[in-house]
Every structure is written in C-alpha cells, then in structure tokens.
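Heads up, there are several structures right after this.
Two complexes, one shared chain (chain A), two partners (chain B, chain C).
Moving on, here comes the complex of A and B:
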C-alpha cells in the first residue's frame, strides 16, 4: 500500500485518528452501559458507532457473543482504515504496532487446530486488523494441520522463528514454544530497523514502544513476584525497554518490595504513584494492572497533545480504541456473569 | 523542499552579481521587481502551509461533515500572508 521513500501524510491521518478518538464512548456512556442488561447493551450499540457490525452479525449470533464479535470486527475495520490512510514511514510505524493482531491471529489459528475446533469457530475469533493480507489469513484458516500453517507463514515475519519452534513442538507436544516464537517475532520487529539517528518523530515513536515494553515487563515481573511461581523470568523478558535489563529483572522478581521501589524511582514513578500506593495498601494485583493501563493511556494522550504531527496521536487512538473494546467486553461479560454495577465499574479503565 | 530553495538561490546569485557589475550603480533587482518577488515568495509560503492544513481539514471533514466550514476557514488563513505581502507593492510603487 505504500511505496518506500514516499512522504508521510501525518496531517491527514492524525486529523482522522483524533476525530475518531473524540467519538469513542466517554465516562457518561460507560455509566449508562454498566446499568444495562446484555440485551440493552446490544441495542445501545446498534444505535452507535457499531451499527453496521451489529446488523451484519445479528442474524448469526445473539447476546454477549454478538457484542464481542461486533466489537472485534469494528476494531479491525478502524485499524485497517488507519493502514489504508497512512503513507510512507507513517504506514510502517502503524503497521509495526498492528502486527500484534497478526500475532494474535496466528496464535488463534494454531490453538484452534490444536484443539480441533471448527473453521467457523476459529474464524469468528480472528481480528483481521494486522498487516497479513486477507488471502493469507483465509489460507491459514483452510490449513488442516499446524505444520501446514507453519509452511504457509514461511516468508512472513513469523516464518523463521515458527519453523525453528516447530521442532520443539513436535518433541514436546505443547503449544508454548510456538506461541512464544510468535510473540518474540512480534516484539523483535517492534523496535528493529529503527534508524541510528532518529528524527524527532521516530524518537517519540520509539519512546512510545519502549514504554509499552517496560509496562509489559513490569506487569510480568509483578505477576511472577506475586504468584511466587517457580518460572524463570528470563523466559518472559522482552528486550528493548530502558527500565529493566534481563539481569536486573531476574534479581528484582525475587524481591517484590525492591521491585516496587525500582518502579517508583523510574520515569513512570509520578504517574504510577497512586497505583503503587494502592498496591502496597490492598495488595491487589488486578487494580495495579488497571492502574498501569490507565497510566499508559494517560502517557500516550500526553504525548499525542505535545507532538500533534507525529505518529503519537495515531497510537494514542489505537490504545484508546483497544481499551474501549476491552471495557465493553468487560461490561457485557460481567453482566452475563451477574456482577453488580459497582463491581464492573471497578474493572473499567476510563479516561 | 528546502533543497529547491537553496538551488534556486545559488543559481540566481551569480546572475545577479554579474548584472550588478555590468550596470554599475543601479541595483541588481529594481524595486518593483523585488516587490513582485516578495509577493511571489509569500504566496509560495502560504501554499506550503496550506498543504498541511488542507490535508488535516479534509481528514476532519471526512470524519464529520459539519466541520466543513471550520476546515475551510483554517485552510485559507495563510492567505493573509499574501495580502500582507501585497502591501509591499503599494509601498514601492
């Protein structure tokens, strides 16, 4: 879609992304939503942004499933739009981040084949927002074995690491090596080929992704420290974040207090101060993770306001949209499970 | 973008110097021609800034039709540069 060397059209894409960001559900909408039943939520969505998807899927599904698939489809539509709008370097930057949906799709297909699911079931769970062309995804769906999937992905970014991991999979018979291979391929490319002397926009973008990686590492480390599971932290360490090195993380996981102290004194300390206090007081990891999400959203919208003509507003929109989809899903699933409005409200991340 | 300007100036400069040597005391660029150049360059700058604003305005209008008026106003704002530059023509002329 974009030729190399083409100029980026930041003005156009950021204008569209910002406009769409402004149209997302706000705190008022969420307050209304948590007080509705699943049927009412579906009706509310039919009258909003999600109208087309709700109508298209309405014949096949109902209830919470309908909401979930409509959310996924809408997300895919918007992110594909972004890729369609963007040109030049901006396209490359957006595609890097959106490849996480490629990773998700590949993992879903592999898991589906492993569990022997029906094709339709797998297809419904895909989020076609990534860079892989429609045709490739369709062919992945038609594959009848995991080996065929690995072969089909030969030549894509996942090809090499999947092929290497396939031997492991054959020996052990568990999916972990394959899934790890997909994740690592994604994160490796996230920060690969960044120019040696980045201009301002690139530096901001790298800053953004590094923050994302730091937060992911932080979350993994805290989970490990809290659960006390006997897992090697290096297995889950994602290189590239400035906050932790592999060695540091290894040492800190065994000592939760020091870990919290290390986060507090980092550059994110100010934003996370409240969350860290909560963590100390209540010891609830879920709340801390939600606070992390909130801090990442806040940080991204700060960057987006400070540098309007860069990739930041687009990524801030992507994060906010992902959060909205997660929020609505949490509300719908929470209602289905019979949680009270207050309990659900605690699960939401609203800016 | 900037390279073009530099190339333009570096080709023009020797010509002007040559001209001034031949003509002796009279200026290389007559006052009226300089004023015309000022208007042209101002229009060029206005056009360049409109490139970005126009793209953003079209993006905003594509999302929300009601922004058409506001987008149009913001897009033509840099035209004021040309009008201001036009003053030089009257000052000189």
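Moving on, here comes the complex of A and C:
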C-alpha cells in the first residue's frame, strides 16, 4: 500500500497481475470441474491455488461451504496483494475498484446487527479484500448497534452517505436506505478525481468504469421496471455513466419497452443485442445480467491486451479472478443442488 | 339392553318416543353426511389443485434459491435475507360450512415490491429478486394450502363423526330400541295373557264356590223340609 504522491509502479504490478492471471483456471479445468461432485471439487481445489485456504478452513467448514469460504479468502488474499504491490496513482485506481469489498463488508456488518447475528457469523461472511484497515473492520464487528457502525465509519468514504441515510432508516425501519447509501458512495467515488486530461490507457480505464456504472444502472432499471416498484431514481441511480441521466432513467423505468430499445440503440447495443432478444423472449433478467458480465469481462480483456503497461491488465486480472471465484462457486453449489452439467455450464462465464 | 328394561307400558311409550326421535335423527344425520361429502368433494378438488400448485411453487422456489446461491453465493443470499426483520402477517377468521367451522386465512405483506424487501437495489442482483419472488409465491401457496387443507381435515373429521353417529343409530341404538320395544311388547302381552288366565281361573273358582254354596243351601233346604214333615 502506498501514498498517492508516489510514482506508479506499473511494470511490477502488471507483471505480477499477468502471471497470476495466467494461473487462473481455464476452460479445460471448468470442463473437468462440472463433471465432478462437491467432494471431488474440494479435493481438486486442495491440489490447486486454493490449497492453503482449504487447509486453513477445513477444520471449521465442510462441503460446499468450505469451498465458498476458501474462495472468498483466496480472493481477498490476492486483491490485498495487489494493493500491497501498487504505488502512487496505480494504487488509487486499483483501490477505487476494490472498495466494493469495503461496501460489501459494511453492508454485511449492518445486516448482521440488524438481524441480531453473532459476531463470528458476521465475521465469517466478510471478504477482507478492500481498502478499510483490519483494525477498522474489527471495530465494526465489535459495534453493538447500527448507529455505532455509522459513527465508526465517519471520515471514511461511506461516512457522509450513511449518516444522511440513517434518518431514513430510523423512519422506515428497513435497511434499503443504508444499503443504497453504501453502494452509491462506492460508485460515486469510482469516477471521482480522475484526471481532466487522462492518457489513453487511463481514459479507457475510465470508460470501463463508466460502462460498469451504465450496466449497473441498466440492470437496476430493468429490475425495477419488472418489479413495478415505485422508487425515486435518486435512491438507486448512479451518476457518472454516459448512457442515462437520472431523469431519462425515471422516464424509461415506467416504460420497459422503451428502456430495452434505448439500450439496444446505445453504444452497448451490439454487445448486448442477443441478450436483449433473449430478454424479450424469455422475460428473465438473469441471462441479461450474465451477458452484461460477459461484455465487461471481454471489454477488460481487450483493454489489457491493448495497454499492457497501465491499470488495464490489473483490472482485467481482478475481473477474471472474481469470475473464477464465481464460476467455481457456481459449479460447487450447482452440483450440491443436483443441477446437470449442461445447466451449470450455461451459467458459467468463461473467457 | 332389552333385558334390563322394565317391561312397563310407561317404558314402552318412552322407548317408542326414543325410536321416533332416533329415526328422525338418523334421517337428518344421513342428509348431513351426504351434504358434507358433497362439500368435501368440492374442497378435495380445490385441495388437489392447491397441492399441485404448491409442489410447483416449491420446485420453482428451490430452483431459484439454488441458482441464486450458486451464482451470487450463499453469503450474499443469506445477507439479503437478513436485511428484513418484518414478517408477513396472517389473520384468521372462521366460516361455517354445514355446521363445520373452518378457518379463512388472510395474509398480508407476503408479496413485496423491490423496495420493500429490505436489501439495497444497487448492490444485489436479479437472481436474488427472483429467489425472493419465488419464495413469496411459495409462502402464499402455503397459506392457501393451510386454509384449504385445514378445511378439508375438519370436514373429514366431521364426516367421520357424522358417519359414526349414523352407524351407531342405524346398527346399535335403533336395533336395541326395537329389541327393547319388542321385549316389552312381548312381556306386556304375556302379562296380559297371564292376567286373562288368572281372571279366568278366579272366575272359575268363584263360580265353583258359588256352585258349592248353592249346593249347600239346597241340602239345607231339603233337610229343613224333611224336619217339617217329621213334625
């Protein structure tokens, strides 16, 4: 971890990221995994990159839970390594994306306190891959109320948003305002303080983040259009994406057909055309969400190849690692639930 | 039972009244039983549909939650579930079907819109929405099944009770009452015959006594007349 004033060490971090990316599971590994049972998958993982986590957690968990917790811990280890390696502006670029795990941890602690869960249960569900220091996360775990969590986070990127949403939470008694505040704080800072005239690689990185925001707005708008819930777009709209303004989104949410047409005619239209056709035909958003994830992964991969000495290869590695964790978990949980190999393969996103 | 009854005319009249009442009760209960069976058949059809819908809803909910746990992770699904403390509310009222009190269950706050489920919209996925929606649908089906199947169970119990009552009247009480009636009638007839016989006997005895008295009187008269002749 390094101060922002220092020079960035792109060469070192991208080399480490590329080597780690090369070690990720490939399509052959997935083909083998989907034909294994949960026990065999655990065994396969014990002989792979995940060996240390599987052994460390083996005494506490078993079955697919062991696989899932080992995946999360391994993910956290790799992303913490990236933050440790990176210096200067590069650190900032990586951290701003990885803060999504801080958002995850804050939401997990708040949900745990809300539901009256034990400290250990909450701690087990954390993914310590973000930027918040260990000590802060431990203090959050020791908090005895949501109000105490909000106070503890004062001064962090979530502080102001949470403090503002706390009143709403007290009025309504549901966590929606707090959860949305945490997620929106994360997305708001994703594009904060980017250079006014960035170099080509940084500009593409920013474009990637904008695409991520656009995709998030798209999927939320489609979810709301289907749910029929009457929610003020200000509560969930994430500014920064070039595709929609808050006003446009509000108008489109009330008209799902127009919303789909707007996405189809946007710059993402070509990438998402098939998913939009499936959405029209089947009516399920899940395929569409998978298509968005595929498009993001593809996009990050292209950036990585085009600008090897920039934040792009690191970002591509982060996305690929997240996808690997999602894929292995999907296979293990799918096998546990008795899904067929074909059904599971449909859900995987493999590059 | 018949032998325990005192064969009196009063008891006979009481038994005849009971037979009359039991026969009318039997006929009414038979009608009730048939009516209940017809109502039960309607509820049974409904219950079969509800059970089939419940099975489908359960399969769908399980599939959705398995997919959500697979794709978003168990931790994310549990987290989203923990974001809501409020439970659906159920109110029960009762309605009467042919004297059987069955519950009417009304549920509220089962189906929720996206903003009422507790979890934030921004950080969750459509899979969690679909799992939540499928479980809301399942819960509604469970409540409906509880209503219909409780009604069905209560109707069955009532049919069983009514059937037992009809059978008890038809095969136990009424035959016993008829036996008792027959027993008393026979006894009374026997008593009547004995009485007639006794009366006849008394009458014969009385006649015999009267005849004897008359004979004695005749003898005395003859004796008296003889004495007078001697005089």
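One rule holds in what follows: the second predicted complex is superposed on the first by the 335 of 351 C-alpha atoms of A that agree within 3 Å, B and C clash if a C-alpha of one lies under 4 Å from a C-alpha of the other, contacts with A are read in each partner's own complex, and residues count from 1 in each chain.
Simple rule for what comes next: a residue touches a chain if its C-beta (ideal position, glycine included) is under 8 Å from a C-beta of that chain, and two chains touch if they have at least 3 such contacts.
None of these values were measured; they are calculated from a predicted model.
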Contacts of A:53 with chain B and chain C, given as first, second, both or neither: neither
Chain B versus chain C as contact partner of A:87, first or second or both or neither: neither
Dominant contact partner of chain A by residue count, chain C or chain B: C
Touching partner for A:131 - first (chain B), second (chain C), both, neither: neither
Partner chain in contact with A:102 - chain B first, chain C second, else both or neither: neither
Touching partner for A:13 - first (chain B), second (chain C), both, neither: first
Shared chain A contacts, counted only where both chain B and chain C touch the same residue: none
Residue ranges of chain A in contact with chain B within the complex: 9, 11-16, 19-20, 23, 85, 309
Of chain A, residues touching chain C in the complex: 64-65, 68, 72, 103-104, 107-108, 111-112, 114-115, 117, 125, 173-176, 178-180, 182-184, 187, 216, 219-220, 222-224, 226-231, 235-236, 238, 284-286, 288-289, 326, 329-334, 337, 339, 344, 347
Chain C residues within the chain A interface of the complex: 62, 66-67, 69-71, 73-75, 78-79, 82-86, 113-123, 125-127, 129-130
Contacting residues of chain B [partner chain A, same complex]: 52-53, 55-60, 62-64
